[in-house]
Amino acid sequence: MLLIVFLFALIFSSSSHAADFCVAKLKGAGSPAGYSCRMPSRVTVDDFVFTGLGVAGNTTNIINAAVTPAFVQQFPGVNGLGLSIARLDLAPAGVIPMHTHPGGSELLYVVEGKITAGFISSSANVVYVKTLGKGDVMVFPRGLLHFQVNAGENNAVGVVSFSDPDPGLQITDFAFFANDLSSELLEKTTFLDDAQVKKLKKVLGGTG
Amino acid sequence: MLLIVFLFALIFSSSSHAADFCVAKLKGAGSPAGYSCRMPSRVTVDDFVFTGLGVAGNTTNIINAAVTPAFVQQFPGVNGLGLSIARLDLAPAGVIPMHTHPGGSELLYVVEGKITAGFISSSANVVYVKTLGKGDVMVFPRGLLHFQVNAGENNAVGVVSFSDPDPGLQITDFAFFANDLSSELLEKTTFLDDAQVKKLKKVLGGTG
Amino acid sequence: MLLIVFLFALIFSSSSHAADFCVAKLKGAGSPAGYSCRMPSRVTVDDFVFTGLGVAGNTTNIINAAVTPAFVQQFPGVNGLGLSIARLDLAPAGVIPMHTHPGGSELLYVVEGKITAGFISSSANVVYVKTLGKGDVMVFPRGLLHFQVNAGENNAVGVVSFSDPDPGLQITDFAFFANDLSSELLEKTTFLDDAQVKKLKKVLGGTG
Amino acid sequence: MLLIVFLFALIFSSSSHAADFCVAKLKGAGSPAGYSCRMPSRVTVDDFVFTGLGVAGNTTNIINAAVTPAFVQQFPGVNGLGLSIARLDLAPAGVIPMHTHPGGSELLYVVEGKITAGFISSSANVVYVKTLGKGDVMVFPRGLLHFQVNAGENNAVGVVSFSDPDPGLQITDFAFFANDLSSELLEKTTFLDDAQVKKLKKVLGGTG
Amino acid sequence: MLLIVFLFALIFSSSSHAADFCVAKLKGAGSPAGYSCRMPSRVTVDDFVFTGLGVAGNTTNIINAAVTPAFVQQFPGVNGLGLSIARLDLAPAGVIPMHTHPGGSELLYVVEGKITAGFISSSANVVYVKTLGKGDVMVFPRGLLHFQVNAGENNAVGVVSFSDPDPGLQITDFAFFANDLSSELLEKTTFLDDAQVKKLKKVLGGTG
Amino acid sequence: MLLIVFLFALIFSSSSHAADFCVAKLKGAGSPAGYSCRMPSRVTVDDFVFTGLGVAGNTTNIINAAVTPAFVQQFPGVNGLGLSIARLDLAPAGVIPMHTHPGGSELLYVVEGKITAGFISSSANVVYVKTLGKGDVMVFPRGLLHFQVNAGENNAVGVVSFSDPDPGLQITDFAFFANDLSSELLEKTTFLDDAQVKKLKKVLGGTG
């Protein structure tokens, strides 16, 4: 028996992170596969638990909505495990604007309320849109433009999971209007009118 | 313009499934990467929506619990997209017995009630266990033994997402006692007493 | 010797597609990993050669540009090999509008002329833009919004390779304005003015 | 010629680890893809050779068996190469108890003696069991419960290879009974009787 | 209980191949990820067992050696499981000539005798060579040129496992001299003398 | 609005490398998935641009050819993005000798001149060879022996892209003759005559 125990100790002394999990050292440099692993001896159950999604995000903002993420930066325990999660809060008239996740697919589960959600295919620009009720699920394939809006008169809450610990989030309006991309280039590459561009740059804090 | 439109039509006429999605033909043979794709022209938004998780599973059974899956077999739209989802219903005293998912990691989100959940590492057999409240999240790394039990006096509901469209589910008790594995082999390889094995084979319908 | 030859014949009689290549049967259903393989015995060198990129695309269109793809749908030999290629033609004032490739990263090589290219990060919406000359290379990370415009007075030609045989192409303007997505939903999720939306729907053939 | 040689030197000066191999720095933190690479200049042929599997493991223990691993922790040369290996020694009546490898599939090659091996599917809990002789091979799919027992009267020796440098090993009995998992939780989630649990906790050093 | 059993039946009715295994339909077309799956109901334990490696290959040939493969074409059970295996027989003076496996890394385990094995790095063309005894293991990184020769006076036997079900095998001499590649092209691209080329084409059955 | 901006800052403060890109720290140790990431704050557009391919490589050498790589070692921006690129210059009679890329597939685009290119399958040693003109493309599957020779009377230029940031390059002649592999072993494993081996070792600087 002792020998066996000894052998197992030997086999697994330093292997946990690879065989089982790899809790992220967020300060580390990271690699294409994710963050470096914390030593298993330093890992506790709390690294695998995230408690931030129980409270509603603050929706007093222009989109009447909030996204509360539990991606690897907030939830180091998912590093290397191929998924992550976030909470959506949509006040009445709340909107999660058109966006993509460059790194993964998304599954929306409606916890409360009514949400109209949709995505657009890259091939034929087909729109797939549906109004979902409590308990309904919709999948958004990786990298495609999609959106969610509150379809009811009360608050709506959704839980979204992703096929990557760090799926990324690119909101088209922020990408176009919340930076210093020159209006000239932006107008050339989006066919948007100068007035429209200037107006939204102002709202979203863009320059140029 | 016409040429462009024409070009895009040409480029993407048959490529949707690969670039965007691959809704499963469940009757097809399947491959190591998943099921064959339905032709994009035959795909509608309803292939990306699953409505079965809004209703509670029936928990009047020996575990006082139910699992309602939206894996690729129930939800063909997730084929090839790297994730799937299921609903857990735990009546008071409800238990999801010790099990593993050979094909993926799991994220539990507590929708309602209190759930005590845990997993066991393969390396040092360390137990990571925690009681979770509404809105809490816990991650269970791929392939490791884990469990969930109702920790309150009321019903508990969880939503679990997986890093694979078909994660599999191996419940240790079912693997040991719900088939024709000979009691002799089973006792030799589990150290369980003959009486214990016979008793559980009876409960779970095993033979041999 | 004979035996050896015989053994090799035996070993590899039917394995080519897996070990070496998997030329696509485009009519087949496809799977998440790509198209089914043509039988090696039916494969010739011409399946690995694409001759369509030698001629300029027709740029007499509203963007003064053309994309000529050699993705798996045009070039079945790249199926399963992790890359594909396309030719860009940019007449003076030519523009490849803002777009993403949901399925892969892109490398641009400037064959002729001057091209201003850029992409926008999802994290901080940082713009990475540069004017490239003949022989310069720029990489665009998977799934991020990017664009290319002719920066000179003559034609510009680029060759772009992708990290996937079927990277997909989602042009933001086509996704927004070239389909039946309702103006109301579009305006809600993009903050664009009704006049702007109507105007571009007209140009790009959208309805709703 | 010199130029060529110079170019190659330039090209590959620091690339070996990525293009060819990545011998593990075991003291490093590791990442989801494995351990950091030792500098190629510090690598010798001995990093690619493991000499520990020539000697029989000590089988004087309760299972009359021993596992001698050459996983990445013992054999740093396999880091990032997608496989590893181990030696099984089974004295008469020797048993490798029910276990899983969360990280990979396994191939057993019988070097000597007779071994009865089996695995259980997750889907229908089907048992696949067979008695193997010298030179026979059996494959155990990733993550599924499996076992090996000596089926003869003499020593049996097996070599097992894995589809991962660090497949992990979770022995059900050790996961259940060799730690501080509370008997109450264990009994609830396994349906095992209290007496059985207490008995095996005693044998395997568990508490709680 | 019944409900549970019913639910599991529902969940897993058609999912085995994906969650657990995918035994190859060798007559099927195959895909980049491997062959199509046989229906689980048609699968038996014999699909996971290969019995051909117990007998020595016939080494009465010019290399005094034989390779007996259990790749996916011979052993359909490994399809999609990320590994395969083969037996090497080396009579005295036996040689496995310089070769690569385009699809995977290799682990050699010496069952009997003495084998000198080596590989050459792509970066700096460094030779890693060692003489191995019974029970020794050596790893050969994916795609690199390597060889094995009998280093003793008796037969040597090795078992080699691969990180892919269909690793492929490209023997340099067969690639150069056992086909119709024109001597002119071959000499230009290998710097070999015409006499040498003609001589080996004759031995290995090449033309042109 | 402020809250939203704040949230995004929070979400993405340290996530860029994972979600978007991972510019290589070349001095870092590296991992099986590539080099460590530079901090996004230290990254500029120039990390995504490579300007070295605009000038012809020096072809005054024994092969009358030159390879100018933009692999991850020269072009850190491609780290983790699944592709890389290089320029081929072939003077009249120029030759890129028989070689493999252990880590990836290759796409050749002919920018100028005429190139005869070919590869050899591992299965049946079938030769796939073709003479390509300006604008033609040919794909070379991962790990297979291939070559390119100038088929015209003028300079030929090609651009080759790869399905990996660090595909590696193993030139058979360099692997055989440009190191200290003993002539005896080399002759045994290649069937080449001693005179031929000695001659080429002399040309390519080999010893032993």
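Here the chain labels run A, B, C, D, E and F in written order, and each chain numbers its own residues starting at 1.
To be clear about the criterion, a contact is a pair of C-beta atoms (placed from the backbone, for glycine too) under 8 Å apart; a residue touches a chain by one contact, two chains touch by 3 or more.
Here the structure is a predicted model, which means the values were calculated and not measured.
Chains touching both subunit B and subunit C: A, E. Legend: contact pairs of A-F compared by residue number with A-B, B-C or E-F; the interface matching in over half of them is B-C.
Counted by C-beta pairs in contact, the busier of C-F and B-E is C-F.
Taking each chain's centre as the average of its CA atoms, subunit B and subunit D sit 25 Å apart. Averaging C-alpha coordinates per chain places the centre of subunit C 35 Å away from that of subunit E. Residues of subunit C in contact with two or more other chains: 12-13, 15, 19-20, 31-35, 102-103, 118, 122-123, 129, 141-142, 144, 168-169, 174, 178. Contacts between chains form some other arrangement here, matching none of path, ring, star or all-to-all. Pairs of chains that satisfy the touch definition comprise A-B, A-C, A-D, A-F, B-C, B-D, B-E, C-E, C-F, D-E, D-F, E-F.
Within the complex formed with subunit C, the subunit A residues making contact are 95-98, 100-103, 116, 118, 120, 122-123, 125-127, 129, 141-145, 147, 149, 168-170, 172-176, 178-181, 185, 188-193, 196, 199-200, 203. Residues 26, 29-35, 57-58, 60-63, 66-69, 71-74, 102-103, 165-169, 174, 178, 205 of subunit C are the ones touching subunit B in the complex. Across the complex, subunit A meets subunit D through its residues 1-5, 7-8, 10-15, 17-20, 22, 25, 28, 31-39, 79-80. Touching subunit D in their complex are the following residues of subunit E: 9, 12, 15-16, 19-21, 40, 44-46, 48-51, 53-55, 70, 75, 77-78, 81-85, 87, 104-105, 107, 109, 111, 118-119, 121-124, 128-130, 132-142, 144, 159, 161-164.
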